[in-house]
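In the two assemblies presented below, subunit A is common to both, partnered first by subunit B and then by subunit C.
What follows is the complex of A and B.
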């Protein structure tokens, strides 16, 4: 059984994993006895491999725990989904993923307020999330977000050279909204932008 | 470690778990992880925070 870490363009000879190459595509994998359990060590090990590949070439990170029977099955997968993988690699080439989470104390009129107050609160929540998300999305090649009362969780696919302007803009937005609690992590491999979500 | 540092590491670990278990290319239809397992991972990663901080203090490079 093999465990797959990433789809990319060329083998990764410098790191301690195996590669299979098929005409301009490559998959990075290792041999395993069984499907890996999501322990902290296993998750960090998976992430390290993906980040090492990302350091030198565009990468499609594979979801943790994906196993196939053998190298032949993986080569077959590259052939079968070649067009989709090539398109995805082109779409993330040169970019990193940045995560932004914004938290605030939501109004709680759902239990005690009128229907009108409830709707006004939901509208205000939506407006607040948009004020943060829209200008950041404008600096990104692609973005995805979800919001719920008290939380905006967004991911942005940002060209490597635009990371500085992006974080600068984020700091400006944070200064404009002192009541909101911001966090930003990354650069991540583009887990949120590889087409299967 | 200050509570702010702890909170930031918590956020980074939540982001890591979210991405590895819910994002990325899906290459097989097998569902290998149950929700209960994910809860265990969160608990485990919280327990890991102190050792991550120790490793970083010693100059070990860890994923961000």
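What follows is the complex of A and C.
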């Protein structure tokens, strides 16, 4: 059984993992006895492998725990999904993922019992999330977000050279919104932007 | 112990986030005999929550478009308020958190 880390363009000879290459595509994997358990250490190790590949070429990170029977099955997958993989690799080429979470105390005038006020709160919540998300999305090649009362969780696909300007803009937005609590992590492999792998 | 992912923090939150990673990794619909009722409730409430969010979004769109009068807006608001309250009661009853009302759809990501 093999465990797959990432789909990319060329083998990764510098890392202690195996590669299978099929005409312009490559998959990074290692041999395992059984499907790995999602312990923090195992997840971190998976992440580090994907990042080492990401440092030199575009990657499609594979979700932790994906196993296949053997190298042949993996090569078959590369052949079968070639067009989709190539398209996805082009779409993330040169980019990293930045994750942004914003928390605030949700407005709660609904305690008044007014339906109109309740909906006004929902509007206010969405406006807040939009005020943060829109300008950041403008700096990204692609973005995805979800929000709920008191939380915006978003991911941005940002060209590697634009990480600095992105975090600069985020800091400016933070300074404009003292009531909001921001966090930003990355750069990550483009986990949120690889479609259905 | 130092956090191995500390180098990933570009902008730290003022308030440390709760550590829910362990829970998120092991989250599954619970289907053993004792937990089956709660597992089923979790699944049903997840679907209801999805519909509630979609309908609420739709309602906000319609209000934004100016297609509703004051009475209709008030009634819509009351309906969503009651629905949210009822959802909260059901979550409390089955010991579920907001974060439980989600499904990992594998390659499709999370439902909500």
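Here is the rule we go by: the second predicted complex is superposed on the first by the 192 of 197 C-alpha atoms of A that agree within 3 Å, B and C clash if a C-alpha of one lies under 4 Å from a C-alpha of the other, contacts with A are read in each partner's own complex, and residues count from 1 in each chain.
Here is the rule we go by: contacts are C-beta pairs under 8 Å (C-beta built on N, C-alpha and C of every residue); 3 or more make two chains touch, one makes a residue touch a chain.
Note that the structure is predicted; figures quoted are calculated from it, not measured.
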{"item": "Which superposed partner A:123 touches (first subunit B, second subunit C, both, neither)", "value": "second"}
{"item": "Touching partner for A:68 - first (subunit B), second (subunit C), both, neither", "value": "first"}
{"item": "Contacts of A:38 with subunit B and subunit C, given as first, second, both or neither", "value": "both"}
{"item": "Subunit B versus subunit C as contact partner of A:174, first or second or both or neither", "value": "second"}
{"item": "Partner chain(s) touched by A:182 [first = subunit B, second = subunit C, both, neither]", "value": "second"}
{"item": "Partner chain(s) touched by A:101 [first = subunit B, second = subunit C, both, neither]", "value": "both"}
{"item": "Touching partner for A:46 - first (subunit B), second (subunit C), both, neither", "value": "first"}
{"item": "Partner chain(s) touched by A:148 [first = subunit B, second = subunit C, both, neither]", "value": "second"}
{"item": "Contacts of A:60 with subunit B and subunit C, given as first, second, both or neither", "value": "first"}
{"item": "Overlap of the subunit B and subunit C footprints on subunit A, listed as residue numbers", "value": "38, 40, 43-44, 63, 101, 183, 185-188, 192, 196-197"}
{"item": "Residue ranges of subunit C in contact with subunit A within the complex", "value": "4-5, 8-15, 17, 21-22, 25-26, 56, 59-60, 63-64, 70, 73-81, 98, 106-109, 112"}
{"item": "Residue numbers on subunit B that touch subunit A, as the complex places them", "value": "8, 11-12, 15-17, 19-28, 30, 32-33, 37-38, 40-41, 44-45, 47-48, 62-64"}
{"item": "Footprint of subunit B on subunit A - complex, ascending", "value": "4, 7, 35, 37-40, 43-44, 46-48, 51, 60-68, 77, 88, 97, 99, 101, 183, 185-189, 191-192, 194-197"}
{"item": "Of all residues in subunit A, those that touch subunit C in their complex", "value": "38, 40, 43-44, 63, 98, 101, 103, 110, 113-119, 122-123, 126, 146, 148, 163, 167, 170-171, 174, 181-188, 192, 196-197"}
